[in-house]
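Next up: some structures, all given as structure tokens.
In what comes next, chain A is part of two complexes: it sits with chain B in the first one and with chain C in the second one.
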Partner chain A sequence: MKHAKTATQNACKLCNPLGACLAFRGIEKCVPFLHGSQGCATYIRRYLISHYKEPIDIASSNFNEETAVFGGSHNLKLGLKNVTQQYMPEVIGIATTCLSETIGDDVKGILREYMKESISRTGEPILIHASTPSYQGSHIDGFHAAVRAAVETLAEKGAPHNLVNLFPNMVSPADLRYLQEILDDFNLPSMILPDYSKTLDGGPWAEYHRIPPGGTPAAAIATSGSAIGSIEFGSTLEAAKSAAGWLESKFGVPRYHLPLPIGIRESDRFFGLLEAISQKPRPEKYDDERRRLVDAYSDGHKYVFDKTAIVYGEEDLVISMTAFLQEIGIRPVLCASGGKSGLMRKKLEALVPDLDGEGIKVRDGVDFADIEDEAALLRPDFLIGNSKGYTMSRKSGIPLIRIGFPIHDRFGGQRHHHLGYRGTLELFDRIVNTVIETRQDDSEIGYTYM
Partner chain B sequence: MEANKTYPDPSAIREELVQKYPAKVAKKRTKSIIINDPEAVPEVQANVRTVPGIITQRGCSYAGCKGVVLGPTRDIVNITHGPIGCSFYSWLTRRNQTKPETDADANFITYCFSTDMQEENIVFGGEKKLKVAIQEAYDLFHPKSIAIFSTCPVGLIGDDVHAAAREMKEKLGDCNVFGFSCEGYRGVSQSAGHHIANNGVFKHMVGRNNEKKEGKFRLNLLGEYNIGGDAFEIERIFKKCGITLVSSFSGNSTVGQLENAHMADLNVIMCHRSINYMGEMMETKYGIPWMKINFVGAESSAKSLRRIAQYFGDEELKARVEEVIAEELPKVKAVIDEIRPRTEGKTAMLFVGGSRAHHYQDLFTELGMTTVAAGYEFAHRDDYEGREVLPGIKIDADSKNIEELKVEADPELYKPRKSEAELEALKAEGLEINGYEGMMKQMMKKSMVVDDISHYESEKLIEIYKPDIFCAGIKEKYVVQKMGVPLKQLHSYDYGGPYTGFEGAVNFYRDIDRMVNNPVWKLIKAPWETAAAEMDGALEATYTEA
Partner chain C sequence: MEQIGILEGREKQIFEKKDGGQAFDISCETTSLSGSVSQRACVFCGSRVVLYPVADALHLVHGPIGCAAYTWDIRGAVSSGPELHRLSFSTDLREMDVIYGGEKKLYASLIELIEKFSPKAAFIYSTCIIGLIGDDIDAVCRKVAKETGIPVLPVHSEGFKGTKKDGYKAACTALMKLVGTGPIEDISPYSINILGEFNLAGEAWIIRKYYEEMGIEVVSTMTGDGRVGAVRRAHGATLNVVQCSGSMTSLAKDMEVKYGIPYIRVSYFGIEDMSAALYDVAKHFPDRPEIMEKAKEIVSREVRELYPQLQKFKAALTGKKAAIYVGGAFKTFSLIKALRSVGMSVVLAGSQTGNKEDYLALKEMCDEGTVIVDDSNPVELSKFILEKEADLLIGGVKERPIAFKLGVGFCDHNHERKIPLAGFEGMYNFILEVYQSVMSPVWQFAPRKGGSL
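Entry: the complex of A and B
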């Protein structure tokens, strides 16, 4: 193995503000706004759009050399004013960049001043601010920071009511729609944050929209302080950094912290929690879904059993995918992430206790050069992760199953399901078919029945 | 060619575009929204800072330097010095293609190196980490060159990438290491980054190898980045004509070619905006004239070849060029004849790039389509109005911050390829040397020209003009298509291409035909159609939701 590296080669992570912009896109009538150079907004828009194939406007305070030296207060205020006049947003979600963080702009202070100055104006948007320097953490940290900032800004204490908060983590628009459907089927009034199921996977517009329709309304976020509980997905997401954690400490809203529900066991856990909260049994529809999934597992076991895989991506996704793969008899020989919360191994052990005994290697803070080196030695049957593993897949001839974000070299990434019985079934079908396809392609005879 | 549609008075459109803006912003934007007159080209405000909060399609200096100019050369290891985002977002995203001659030849295009700066590097400085990163890249690949690109925090924390580069160059011995101060906040747009890149390539690469390549007609192709294989098609045509390509700047190029570029006898420029500095500097230092050409469009390609032959003044070359054109054009013509009945009279809008909004109008003209509005993202006034306005352009603070290299004739290598008299003679024949007439002289009267169009303005323009196709990039694509108007990406080509030369023109015609005559648009009712439907209930019945 090579010596420890200093530089990052082919990163397996994106930057902090990208995650914040994505989360802000899931708030209704919200314009994401980056405090820094315009290039950040352009790059991040470009990147998000290549996956979601939907318009994503991100404003910027367009720093120049003077701003970089003397501070960004003037630009930030002017930018907010212009966004307000053009877009008439209800919310502006402001995330910082490495530039504004490096010069140490006091964004909270500037926003306080701005609000004071604009007090006489009507129709002023709510300002949410998340600190997201790209020299810390990765995109997933920005995502959680924005969600937490939204709740901190908007949540109020009210009379307790039957509402459930769901903080789903960075999942696909299809996953968000499914989660909403589940909560509705349990007759649980709910607040899912963020909800970009429509803003990032919508239809044609019969009328002009400055801001794409959809998203969690600010008023709904306000009620999160009086919910009966918050469900929060993501094994490595700590209460101290999370929206549910904040609601629990501030308003005593209980936090139910779960891994992303992938696979039967983790989906059962999620549905079990909903049964407990709603005090109702799981609707029959989901019994059927679960039965179909178990049936598929039994139909497909012969294809997948004893196969090996490398899974990479955000730590929480990797952890839950690993638990699922292990459940269907696939050995995830390497679980890798560019993220580095320091919790990945520990949290994975909670789901798969004997990692070493199972031959599961866990590595955080890695890049694709590391993963590629490992793949050359481990020679797994397939890779599972985002589009960035393509080069490795092409070079090694190991098939890649695309999940998560970003998926920019295949169509429909925003419509993949990953969660619950439905998402697990979809993943299972895709894995089985990849194995079959490989066998078929490798077959010298070219069987039509596999 | 006039579009078969009628439009409101352009001055009224201009009013409407800016009425939502605060007074000061409206005043500023009005200067960038111009009603064209090709006979007396009006002044366009360009290359001025985007107002904060106006959502622009522009990128940054880093994007122009690393992403555009340096990115396509396959055997330089590019290291981004900064936090992870910038290197990730510029990782192969421009679709520059490259074809190493053998499998053993170096190709680092698929790699994305970053110093991945962490908080401690911001606080205590990142130079040490940078030097280790350079050493690592060297140990791993032994490349001929390593280039370092500064991102926003680098300049602010005082990291000296140039000093680090000098130190490592000396230490490594056989690797040319150089840095770029292309922090994202420098300059108005990616255009600043192009200039910074030109300076760096000129200073650190051009002129290092004086070997004279074989070939009678030797030229460099400047400002062609081989997106979608564009350079491959031009290379094919050059080869067929017997023209030797010494170096391309920088599509499908190598370090060796760039270092040898000063031995060519002509520079032909595709993208004037991103590379004209190089043409100027090479003229001053080595005596190589430059000429604006355009290989986008079949007719333009033929014209460009004829101009090159005219420059070299060789009868054999002229004859060969005519042969090639005679061989290539009929194939193109056959496709035009097939497609044009379906595209004739349709309209296009182009808001893209620093040259593309100009070049691609030629392809639309060949299809019988009219460009009703166009503009650049990051061009300067000369790209709109022609280089004759250069002396009158005021240098603002943003441009002042970009270094102007002081270039002088090289005592040994300066050799005018053409004498003053020869240049005059060529000019008299109508061959413009060291000049560019800009976009607007080619556009019809009363067409709209908008610089750095905002998201908001482009939506308004679409609403008013209802074009049959809108050309821009991925950031605009899906919002425009939501309104039922197809958007052709002219940065990434919608993953198609090549679009240059003769074969590229055919690719483009077919792609445009597929887009503007696609049945899916019938399923999407544009917002203006909704308004009509509300007035006429009968229409509503024919509407199918997608």
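Entry: the complex of A and C
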């Protein structure tokens, strides 16, 4: 007997506030602050630390029963005061939880009151507030909500100047460093938000840092309103929910919306856009990167052609990975996400017009139990996604190529590249090596050269 | 270097032992201060950690997705058989459920999951918003229990309704409903339940083996490698042996009242406390002296093997300083003794949930200058690690990066450990891990140890 599935088993998503905390960690001298129970902050810290291996302090307003009955105003204000005293932040990024949203706390109002009350004090931080109820969307929505809230709070209109905003989506610290390098090489003054390339992948400390060094300065975010354009990655990220969308509607800063640039075609598109904005050809260095990538495609094509894969994770990552896999001849037999923007299929069709004809199945709003059932039927050559697919990989014997977040069962997930020619090459190497390793292990001869 | 201050409202939860004489009135067992970045979790977490290892039960988290997602297969609590506990189930409440109530979804989820997995019982965890939207989960549980014929137990663990300790209590309340419902006719009078042992990395198996070798029947371990059937028979045991006192003492007390089963507190960490845990149980059965004989034999055998192995570590570790920050204070006692046995001293001893009695005992056993702290936070922990020049931090995942950033060794003594640290062999593993972290050559590059920035 088969009924419609009600419960979620082994979720392929995380909750809204996690994404917001991650984004806030990418603002300089910012402390993420969750308005809710102590557990939310602690669980999210543990989850992020297991991937990034860096201290991640997240404050909490620490609801108790009275707070839930009478409202969180007192706790929120006390919490802000204590965080200010203990961390001396320049920014506090406040995200809500299911608890504070359900009791209907007017967080914006409370923050207004708090600022009025603290007007006589000096060194008060800027407060950014994102609404992130856990019963809506998933972690990626919280991430975008926090980025947009930061821009809404800080961006100012100024005389247009030669600045490009880049809203990169939820990518790795290594990706962020690469993006910065690219923009620098184009001589484009830039503002990347968020930028946790140092805060979540930094060096050792000679002394204690209340807040890890790095992140996008508030002053830089303020200039985003006078940029010559915003580049924003993420196929399913709509202007109405995005930072670039807001800057366009509020200050007329043009929004250049691209999928995450994975694969040659999408990377070309990104570099093409940078050439158009900067009115300069891309630096030779990237021609070389692209050449090496094309060369690698040639060298490795036979290992990967006609292989099949299941790709899962955030919708935007899945969409761009699909574009990349298509161009190397790997068929993603299932594109799956726990997210449910309602746009995944449509956006995939923009990249691969005949999904059904190509045998590409698209499912959003799924959990790992669903993906596991599909894997048993589809028997792909490999799984591509975060490390939460390991259970399924172990059970099915299908190898897992770990990308994205979280990577809890391998070392160095924060240093993986995914974007541009460099990231694509790294992904390609890893995929080819997975095929080779599987062949080598399965071979009776045990060739020592491939 | 800048001075790190202590938050107003936190001073009373910190105590530094000086010249013996001063009054000791550490404040503890309070809710965490808003904005202090406590290392604690919530009520739900307390319930979840206690019940998690029951391997043949369904664990359904009723609420939005986060609480279930963050507790999916995160502990090293292993099972010798079924592994239903390693899956994560959630009603994944969405906005409409919050508005119209989640009872229907809970009911449908339970029916479907019980049919699919045939668990021996089901635990239903309430999360924060369940308390607000007014779902009557007790009624749903009763209904499903009736229809499916298995115990369906509500766990009232709304995150904001107290501290992690209240979550322990809610879990014990649910377990207590199972205790007393199984057959006990064939249970030996020389029998115990092992409470507060979660079988991380197979630790409960190590402990169980010792007791069984002494001729004692272990009726149930709660909840490591736990089975619903064993919990149901737990009232047939003669003695409850409680480790991790914070989490399981309330169950032991309830069983004492209802079934007249006495309990003792033990710890399985370190040679001294592990030996005492065997002797204390043996003392409970004076009419059978061979139990004590056997306990002595085990201790002498194990110590004879272990002691020489520890000496090379002791030579390297003598004089090194440790900071301890763990969940319960009782474990801290054992760790202090274990570290002392290899020549290390403890400069910071703290816990998330210790009580006054615990802290008083800690004060008695600590050296001069040791800082004792309740419900601490990263800023304070860093302050004391730096001020006291610790070489090692013992804690959990959240504390680990603090140590590594500051060039200090670290030992994970929390639920995620994959190597058994309990028992005599666990003591060897523990000291080995301490040695490998403290004595690693990589610290020469840490700025605080002379490396360049």
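Here, the second predicted complex is superposed on the first by the 447 of 450 C-alpha atoms of A that agree within 3 Å, B and C clash if a C-alpha of one lies under 4 Å from a C-alpha of the other, contacts with A are read in each partner's own complex, and residues count from 1 in each chain.
Note that contacts are C-beta pairs under 8 Å (C-beta built on N, C-alpha and C of every residue); 3 or more make two chains touch, one makes a residue touch a chain.
Just so you know, these numbers come straight off a predicted model, no measurement behind them.
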item: Fit-or-clash call for chain B and chain C when the two complexes are aligned on chain A; value: clash
item: Touching partner for A:S230 - first (chain B), second (chain C), both, neither; value: neither
item: Touched partner set for A:S190, first chain B, second chain C, both or neither; value: neither
item: Contact residues common to both interfaces of chain A (with chain B and with chain C); value: 5-11, 13-18, 33, 36-47, 49-50, 53-65, 67-68, 75-76, 78-83, 85-87, 97-99, 102-103, 133-136, 138, 203-208, 210, 391
item: Parts of chain A lying in touch with chain C, wherever the complex brings them together; value: 1, 3, 5-11, 13-18, 33, 36-47, 49-50, 53-65, 67-68, 75-76, 78-83, 85-87, 97-99, 102-103, 133-136, 138, 203-210, 388, 391
item: Of chain C, residues touching chain A in the complex; value: 1-2, 4-5, 7-9, 31-45, 60, 63-74, 86-95, 97-98, 105, 108-109, 112-113, 115, 127-129, 131-133, 159-162, 377-379, 382-383, 386, 396-398, 400-402, 404-407, 445-448, 451, 453
item: Residue numbers on chain A that touch chain B, as the complex places them; value: 5-11, 13-18, 33, 36-47, 49-50, 53-68, 75-76, 78-83, 85-87, 97-99, 102-103, 133-136, 138, 202-208, 210, 391
item: Chain A partner contacts - residues on chain B that touch it in the complex; value: 20-22, 25, 49-63, 79, 82-91, 93, 110-119, 121-122, 129, 132-133, 136-137, 151-153, 155-157, 183-186, 189-190, 397-398, 401, 454-456, 459, 463, 473-479, 482-484, 524-525, 527, 530, 545-546
